[in-house]
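What follows is subunit A paired twice: with subunit B in the first complex and subunit C in the second.
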Partner chain A sequence: MQKVAEIAQKRAIQLLNQGVVNRVIGWKKGEFGYDETPAVFTTAAGIEDFRYDVFSAPNLSKYLIDESKKEGKILAFLKPCDTYSFNQLIKEHRVNRDNVYIIGIECGGMADINTIRNRGAAGVTDVADNGQTVIAHTLYGDVTFDKNEVLLEKCQACKGKKHVIFDELIVVNPQDDEPKNRFAGVEAIENMTPEERFAFWREQLSKCIRCNACRNVCPACSCLQCVFDNPRSGVASKASPDTFEEQLYHIIRAFHVAGRCTDCGECSRVCPQDIPLHLLNRKFIKDMNAFYGEYKAGEDSETRPPLVNFSKDDAEPSVISDKGGDK
Partner chain B sequence: MSVEHESFKPTIVAFCCNWCSYAGADLAGSGRMQYPANVKIIKVPCSCRVNPTFVLRAFQRGADGVIMCGCHPGDCHYSTGNYYTRRRMTMLFDFLDFLGIERGRTRVEWVSAAEGARFASVMNDFVKNVTELGPNRKITDLRTKPEHKEGE
Partner chain C sequence: MLKIKKSNLDKLYAAISERQILYVPCNVAGKPNFAVWGEGADVDLVSLKTVKSAKEVFFPQCEDIASFRKEGKNISVKSEHKESGDFVVFGVRACDCKSFDILDSVFLADPVDTFYKTKREHGTVITLACSKPEETCFCSAFGIDNAEPEGDIATYFAGEYLYWSPKTEKGLNLTKTLNSLLQTATDKDNDALEKEQKKIKEITGRLPLYVLDLSYWEADDLLEKFNSEKWKALSESCIGCGACTFVCPTCQCYDVRDFDKGHGVQRYRCWDSCMYKDFTMMAHGTPRPTQMQRFRQRFMHKLVYHPSNHEGVFSCVGCGRCVEKCPMHINIVKVIKTFGGDDK
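Up next, the complex of A and B:
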């Protein structure tokens, strides 16, 4: 990872100096050693702050909606899953592809600071990535973790290490490209009784504080005007007074990104209340795969998503009850 | 308590498309076919006009069941509208099931303008199912429920 970051940094400086791009979007060190934040660099000197490590999880694609409309080309570093989001945005005509120079950057999985903390590393000051292991420097000495054990949820269910769109690649150690089973969590809930399912989601969704972080980070949630910002909707920018509003927000949000969600997992990563929002999106992905054929949003920038398409012999809505819904 | 249960009359919201199902409901009426009066029909230009928010709003404001009626696939007045409805509502209703909201509270039926009798039988059947499920308490604003009104 260290090596990848150095190459990326050098290449960014090179492209800036050559005038190919006039700014660079990447990650810089946050307040601590484990909260890398997206940043736009405009000078070669500024790129000194560029960081790429196990905490460079933020998906930069959404920033490109605005950035690609500005003057001049921007260099963007996209991880494999970020390239899916970018492709999807091209499909929806939300980004200007010509204004973006994409470097596909190698990703070995991103770590979750909360998992590291929960596994007994108190007072973390900085974290170093060692390939297979992650070393947390704490106030009380170093703690070493197996990287696979502290991965973010979205990386445990990685959908592959292939970049689907790029102008050039920085891959030093080719990674194992085996996609993992993403639907185990969804299946576990499907196997519950309706009462258990309801209790599970009641418990999860009632934690929601309506901070809208999931919406704001989501590359698929890119409407210029959001239904939840409509002051007359009764659900705009406020804490939810009753259980219905929590359900409404999450059902509508999940439905709206259905077929367009690339399963980048940012919603769950940013949720301050740790609601497993990815399960909602994956339920839709699983259903659409089952009913309308395998479809991976963002794999290319042309095919029509399942919900804006149809075929004459689609399954009838009664299939759900037939396959064993509760009634 | 059992008396209370027997007297439960569910509120059903039926979204009917202007061209087939609404005319089917009309035919049921002019043919004097009986279906429960607690079915409230909302006319929409096409079944694909129904946004998932409409369905959720209906539940919020006190509906115990929501049924969507449209033209038979292939017969849509706008050629393709109900094909989209079919996909969307399959997804939405399965999703509600995933969240633990009984599958019996939601249904999609295709009713043509000539099927007055079918409209009546579909509604009778749906009302019967929802009555068995009892009042909707899972996805609603509980203030719309009578016992809560009395409490305040």
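Up next, the complex of A and C:
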């Protein structure tokens, strides 16, 4: 990974100096080695702070909605799953493709600091990535983890290592493109009784603090004015005295992004209460695959998505009811 | 100094609960937050920080203020203000306890917030020393002692025991009702406790954010700070969510909203966030149309406006929740350092 970061850094400086781009969006070092922040670099000297390692999880695609509308071209480093988000944003006419120079950057999976903490490493002051293992340096000594054990949920369910859109690639160690099974978690919930399922979501969603981090980070949530921010909608993006409405917020959001969600997993990554929000989105993806055939939002930037397309072979309501819905 | 065996804590919770409501950090779906204790609750006094701070007990995220009901041509208005019953909040860390002083300076100043006041009057705060401070902690920057927390009763874990030290009349009164469960600590116990506190201080001294230079923020040059170019780069990756605000123990802004119940209106207040687009929205629009301005508001409030209105007291207790929870890892520490610390 360190080699990839070095190449990326050099290439960014080159492209800036050549005038191909006038800005670079990447990740910047934080306080503890695990808290990288997305940042726009405008000078070659500034790129000194550029970081790319197992904590470069934030998906940069959504920032490009605004950044691609500014003057000049911006260099964006996109991981494989981030390229799906970018493609989807092209499809929705939300980004200006011509203003973005995309370098698809190799990704070996991103680590989750919360998992590292939950597995007993308190007081993490720095983290070293040794390829197969991740060593957390803490105030109370070093703790070593198998990297696969501490991957973010979105990386455990990796869609594959292929970049679906790019101008050039930085891939030093080509990796197995075998996508992992993304739907085990959804299946576990499908196998619950309706009562168990209801109780599961009630408990999970009861933790919600309505911070809207899931919505604000979501590349599919790109409305200029969200319905929850519209004072005339009768609902708000804040806590409500009605817990039912409160909990429905997430269901409504899942409906709104159905067919457009690329499963980038940012919603679950950013949730301060660890609500497994990706499961809602993945349920829709799984059902759409079953009803309309395999479809990956963001895999390309042209084809019509199943929910806005019509074909005579479309699933009939009876098909849905066969799956357990009411007739 | 009194003590109780760790293995007897369930009895202590039950005894407190017999007389009054007990709030204590409990795990629900894997996350610790203050919750009402009941038989079988998954109490978590090991996790250093609850996701939401203890302020929620006195200033709930959502609280009814009044209800309106329309019948024919008449509208009836009912106040939802209720006097609080006595309650106990146990397991409050030193930083959260200090945050109550900051909330007091706002809510108990004229005009007094009666919803908050009644809960403060009826609540007994039992603090808990931080056996294992974490890298995100910087309470020391605000003069808070995590080994010797304030509160009505201070407690400390050491060895097999929880040590118990009443500090106020409220604390003494509660302690009296629990006499049968609490034993007097011996000299040996006091030694063990002293050793534990020494250990806490040693770790605290090694915390990466132990030294945080706040001197820049003490100077009286509001406009220079306000107009600084630095806000732009600091805020550029802020996604405008309210995570920092809602986990913060000192954030105190709320919105007053009406919930349409069909046959009437429930007027309530709920936590608001200066990070939100509609924060302090007025008829003409919002006074802070860009995220940079909203971001600046949050930190100017904590580091400039609040201290200038409250004898220099910063509206931050260094709990580090925002450091932990910001999706993009932007936080008050980076703001403090960018302006007046390392990168001065």
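For the reader, a short list of remarks on this structure follows.
Everything below uses one rule, namely that the second predicted complex is superposed on the first by the 318 of 327 C-alpha atoms of A that agree within 3 Å, B and C clash if a C-alpha of one lies under 4 Å from a C-alpha of the other, contacts with A are read in each partner's own complex, and residues count from 1 in each chain.
Everything below uses one rule, namely that a residue touches a chain if its C-beta (ideal position, glycine included) is under 8 Å from a C-beta of that chain, and two chains touch if they have at least 3 such contacts.
Computed from a prediction, not measured in an experiment: that's the story for all the values here.
Of the two partner chains, neither subunit B nor subunit C is touched by A:Ile65. Of the two partner chains, subunit B is the only one touched by A:Pro306; subunit C is not. In the superposed model, A:Phe284 makes contact with subunit B only, not with subunit C. By the touch criterion stated above, A:Glu203 is placed in contact with subunit C alone, subunit B being left untouched.
By the touch criterion defined above, A:Ala315 lies against subunit B but remains apart from subunit C after alignment on the C-alpha atoms of chain A. In the superposed model, A:Asp242 lies in contact with both subunit B and subunit C. Residues 242 of subunit A are contacted both by subunit B in one complex and by subunit C in the other.
Within the complex, the subunit A residues that touch subunit B are 186, 189-190, 194-202, 227, 242-244, 247-248, 251-252, 254-255, 258, 280, 283-284, 287-288, 291-292, 306-312, 314-321, 325-327.
Note for the complex: subunit B touches subunit A at residues 52-53, 56, 59-60, 73-74, 80, 83-84, 86-104, 107-108, 129, 133, 138-143.
For subunit C in complex with subunit A, the residues that touch the partner chain are 28-31, 33, 48, 51-52, 61-62, 64, 132-135, 203, 206-209, 233, 236-237, 239-243, 245-247, 255, 257, 259-260, 266, 268, 270-273, 276-278, 281, 323, 325, 327-330, 333-334.
Taken in their complex, subunit A has these residues touching subunit C: 30-32, 35-40, 58, 62-63, 122-125, 138-140, 203-204, 206-207, 209-213, 215-217, 229, 231, 234, 236-242, 266, 269-270, 272-275.
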